[in-house]
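Next, two complexes with chain A in common: one pairs it with chain B, the other with chain C.
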Partner chain A sequence: MARRAGYKRYTRSTAGNILFFFFLAVAGIFCTLPLIYSVCTAFKPLDELLVFPPRFFVQRPTLENFLQIPALLETLRVPLERYLLNSVFISVVSTVLHIIAASMAAFAFSKSRVKGRTVIFLIIQFSLLYNSTTLGLPQYLIFSGLGMIDTFWVYILPAIPSSMGAFLMKQYMDASIPDTLLDAARIDGAGVFRMYAQLAMPMCKPAWMTLILFSFQSMWSVVPGGTIFKEELKTLPYALSSIAQGGIARAGSAMAATVALMIPTIIVYFVTQSNVMETMSTSGMKD
Partner chain B sequence: MQPRNGLKRRVGLSENASFYLLMVPFVSLFFLFTILPVLVSVILSFFSYDTVSMPTFIGFDNFLRMFTEDEVFPKALVNTLKFAVITGPFGFMLSFILGWFINEFSRGFRSFLSFLFYAPALGGGLTLIWSVAFSADSYGYVNNVLMTLGFTTEPIAWFRNETYNTVILMFVQIWGSMGASFLANISGLQNVSQELYEAGALDGIRTRWHELWYITLPSMKSILLFSAVMQIQASFSVGPTITALAGYPSVNNSVDTLVPHLMDVGTARYEMGYAAALSVFLFAMMAITRVLIGKVLDFFGK
Partner chain C sequence: MKAKKSKGVETLRRRYGMAFVAPWVFGVVVFVLVPLLSTIWYSVSSVKLTENGLETTFIGFQHYKTILFENSYFLKTLPGSLTGGLTKLPIIVALSLILAVILNQKFRGRTMARAVFFLPVLIASSVVMTCMAYATDGEWSPTAGTANTYMDAINFNAILQNLNLPTDIQELLTGYLSTTFNLIWSCGVQTLLFVSGLQTIPSQLYEVSRVEGASAWETFWFVTVPMMGRIIQLVLFYTMIETFAKNTSIVNYALGYISDKLVYDEGSAMLWFYFMVVGVILGTVLFLYNRLILRRWE
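Up next is the complex of A and B:
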């Protein structure tokens, strides 16, 4: 930030700064209220959950709701650790494969002149706009034709070609990688794969860091549909969703499960976003 | 960029072949798991298909049915357009403006601030908190406050009240929409070259508004297109949030939109052909919007 201080004087008025800050503070608190409420509720003892008039904050926080979760899940046929392991495995593998496949394709869409790249890219972009409700049936037929019903593939394979990832990476590469830089790399004898791995990817770190978050978050919340029947292949959100069916007496534990399930996503959020922001200082190297 | 003449390439593979290789994993899986199902769905829209008996070809009957027989469709169409026209542009602008504001602060504070706005998009049923806040009985926070302050003596059933439900649901929709486009904007803003800002200051840019118009927005053009497409997708597909809070069907279909309607037709009534036709119709509306937005962005980006 020190580097920016010199010019900041000219374009930033104090009144404007105060206005911005006020706006952000109000909007930010407002946006976060439901999250704060969830965390508070997860720590509320039963009598506070039912109290009238309703209270927003927790008065006497307790871990009871969290400690009850294992007992509530004893009826499940598979131990809780198995669901957890499944979710971790699916989320990590899909995310890694998605980032690699999407960024490779985006590099070709953005920086090559191969035939058909524009058409394929437009199809990918527009496919985002097709509602997925009626795609379930044909997808089921494809999985069953490939013999993939009741395997981890039904989670992982469709997540790899997620259109949003290729779209974001392509737009980011258009904006951030100057063609002159690639020309310079070509003169140095770099091939396409080296330009992709050693030039494009480091320069697009903010984009794929953000994609890691999107991909992890969506895979972490995956609940198996009609393509998984074996209990030992089902996911953690599926297992925890059974708690919420227990009515008001389990409202506290249901909220505790929700909050616990959110923790990995929040960790991934802060790890990836702090990397997005970090690149600021090094982005001066381009051009 | 083609390799220049006279430059010897070290690898045997031609540059174009290497680029094709980079596309293969994504494009082949994309074809298998997205294009193929979409094609099947589009073809099904011309059939009558109940998922049990063989599909029968009925031409454009499914599309005619929307306007002639389906009583929910006209209402759902109007509601969808209402939501799209208001939450779409508003969400688009807000996701940029918030990202731009946040970009003023130091790194650690920035990721904290952006977390506040991203929090609603964390999922995990946070949306359902609004059903507690706007609960129809006096246990609901909003009713409780209004009754304590004497604004009303009877609790208001917010989601069943046609005067309030649209506004509340639009508000919840926007609240939860600082997701993909918001973070994409933030990552894009990291990439606007500092040299451009410094050069701008030397060239006489004195206010942040000029800086925004002449430097930031032009550098963000391609990310803004991404953000626009994500907002089109989200704002025309409103539904799951509405169903979770107001139910489906809602009172007098007052907040029913196309996505819950086609889900109802397809997954509850097993009329897959008609559901597919509704999907095609919805897609056509979004695609037209996308083309128009592209023209507008091109116009401003000269």
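Up next is the complex of A and C:
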């Protein structure tokens, strides 16, 4: 660990460093440009939105677009808070349930010989190819069979067994939790549930922190499909996207709504990020 | 690396294992497998939407025959979608590995830099993209927001136009830029996986290679890359799922059949045929990677 402060591990020449950071900067611009553009647009007054040729940066920033959002949503039958509450509820509940179900399954897949686990795992991997649109119709039939049309279940239940979560968790557990550690725990008298809750979960915190981020991100942006008809059960993104349908004059408010929608996800990113990216705990074993 | 993998019986008894997978497997069966199997059924039957619900009659592989021998568009698009995904694959893997290696170094503003490269993943949700497509294109399209098309939805050229560059430069740029843009925007999750993987490489290995006098280039190829073997495998798999199954023209074409034309049977047949082909390619790539590369590294 005798690395000097500021010592670069991979390139040891100034030219190399400059090249690396030039590359980083170019790629960074690509990543941020759309965000900068939407933030700029969100703060543009109406005359700047309509000016031709269009300008990229905002000249006279205004909060008008944001302040207009509540007024634009007044035509909806349900107050804005209701949509917000729905979205928060759906995102939080399904994220928590998804993490629990996926990590338990991953723990068993990784550390126990469940019958047919190879087959199950192959099926999971194959099912990742499918997306929700494909399964829309059969899922609708199942929901209506279960009598769940027009309930929060149609948002939450399909999110719980999302394959990607279990897949990532299993890969992570394979690599980072040594079997010998669990054996040691068992000899010390730990039950299976204790191994899972007090050993496996803390050790793969980075993995489930990542999953929280992914799951929240996808659930936060959930728009009701053909299974929700009651207005008071619809989500915030649905309400906000209805602003965008209002024509060119609303472009500013549509962007303002977009920017507002991004904020919670970005906050969740920063909350989980330190756990996702920072040093993972050592396995506690000497191999 | 270790030969003692999968002594699972000693670690966790089977019945506990069953109890642990139960909630998740139940969910998968009800909300993924049963619907998946129904689409197989749709693909070999004739599906009619009636007032009483869905009416299906078994007709055999007729739809597969139709898409393979009569639908010229499907077969014409198939190779493009496959080669497109395959050419992107090494670029995305390499690009995200390089990005991760840079982002793993210590420099001021590293946290911000990492956040920047994860931004595409954070903001690329369907609604955000819908609104963005609307605001950049100036027109509302309800299909722009489906997660499949979000890459197309960010109309990068429209953003570029707003920068007011000379026309020649702009035309030159747009071609390369939108490709580069799409590639970089596909790297977020992969970079994240690599960065978290890089943290697990013991620093002693770098110490040793430095003492032994290995150049940075050699260290990268003989320490970093082999130690990333498992993660590269994971990234390969994830990237192939993303590039083959999301937002390829053939998938969008088939989904158009399903969601716009409501032709469930033929659409399902197209998807199943395509995913069978993709499954074979995916399996082959991962098999070759494991046999030819990963085995040597471990």
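Assume the second predicted complex is superposed on the first by the 256 of 287 C-alpha atoms of A that agree within 3 Å, B and C clash if a C-alpha of one lies under 4 Å from a C-alpha of the other, contacts with A are read in each partner's own complex, and residues count from 1 in each chain.
Please note the rule applied: a contact is a pair of C-beta atoms (placed from the backbone, for glycine too) under 8 Å apart; a residue touches a chain by one contact, two chains touch by 3 or more.
All values derive from a computational prediction rather than experimental measurement.
**Q** Fit or clash for chain B plus chain C once both are placed on chain A?
**A** With chain A aligned, chain B runs into chain C, so clash.
**Q** Considering only the touch criterion stated at the top, classify A:Q245 as touching first (chain B), second (chain C), both, or neither.
**A** second
**Q** Touch check for A:V223: first (chain B), second (chain C), both, or neither?
**A** Touch partner of A:V223: chain C, not chain B.
**Q** Just chain B (first), just chain C (second), both, or neither: which does A:G189 touch?
**A** In the superposition, A:G189 touches chain B alone.
**Q** Is A:L24 contacted by the first partner chain B, the second partner chain C, both or neither?
**A** both
**Q** Per the contact definition in the header, classify A:L35: touching chain B only (first), chain C only (second), both, or neither.
**A** Once the two structures are laid over each other on A, A:L35 reaches both partners.
**Q** Would you tell me the residues on chain A in contact with chain B in one complex that are also in contact with chain C in the other?
**A** 1, 3, 6, 10-12, 16, 20, 23-24, 27-28, 31-35, 37-38, 53-54, 56, 100-102, 104-105, 107-109, 111-114, 120, 123-131, 133-135, 137-139, 141-142, 157-158, 160-161, 163, 166, 168, 171, 174-176, 179, 182-183, 186, 192, 196, 206, 210, 217, 221, 258, 261-262, 265-266, 269-270, 273, 276-280, 287
**Q** State the interface residues of chain A toward chain C in the complex, per the touch definition above.
**A** Counting only chain A, the residues touching chain C are 1-3, 5-6, 8-12, 16, 20-21, 23-24, 27-28, 30-35, 37-38, 41, 53-56, 100-102, 104-105, 107-109, 111-115, 120, 123-139, 141-142, 157-158, 160-161, 163, 166, 168, 171, 174-176, 179-180, 182-183, 186, 192, 195-196, 206, 210, 217-218, 220-221, 223, 237-238, 240-241, 244-245, 248, 251, 254-255, 257-258, 261-262, 265-266, 269-270, 273, 276-280, 287.
**Q** Applying the document's contact rule, which stretches of chain C touch chain A when the two form their complex?
**A** Answer in residue numbers: 2, 4-14, 16-18, 20-21, 23-28, 30-36, 38-39, 53-54, 95, 98-99, 101-103, 105-107, 111, 113-123, 125-128, 130-132, 134-136, 138, 140, 145-148, 154, 156, 159, 161-164, 180-181, 184-185, 192, 195-196, 199-200, 203, 206-207, 216, 219-220, 224, 230, 234, 237, 241, 244-246, 255, 258-259, 264, 268, 271, 275, 278-279.
**Q** Please name which positions on chain A make contact with chain B in the complex.
**A** Contact set of chain A toward chain B: 1, 3-4, 6-7, 10-13, 16-17, 20, 23-24, 27-29, 31-35, 37-38, 52-54, 56, 100-102, 104-105, 107-109, 111-114, 117, 120, 123-131, 133-135, 137-139, 141-142, 157-158, 160-161, 163-164, 166-168, 171-172, 174-176, 179, 182-183, 186-187, 189, 191-193, 196, 206-207, 209-210, 213-214, 217, 221, 258-259, 261-262, 265-266, 269-270, 273-274, 276-280, 283-284, 286-287.
**Q** Could you list, by residue number, the parts of chain B that touch chain A in their complex?
**A** Chain B residues touching chain A: 1-4, 7, 9-11, 13, 15-16, 18-20, 22-23, 25-27, 29-30, 32-38, 40-41, 44, 51, 98, 101-102, 104, 106-108, 110-111, 113-120, 122-127, 129-130, 132, 138-141, 144, 148, 175, 178, 180, 183-184, 186-188, 190-191, 193-195, 197-198, 201, 205-208, 210-211, 219-223, 225-226, 229-230, 232-233, 236-237, 259, 262-263, 266-267, 272, 275-276, 279, 282-283, 286-287, 290.
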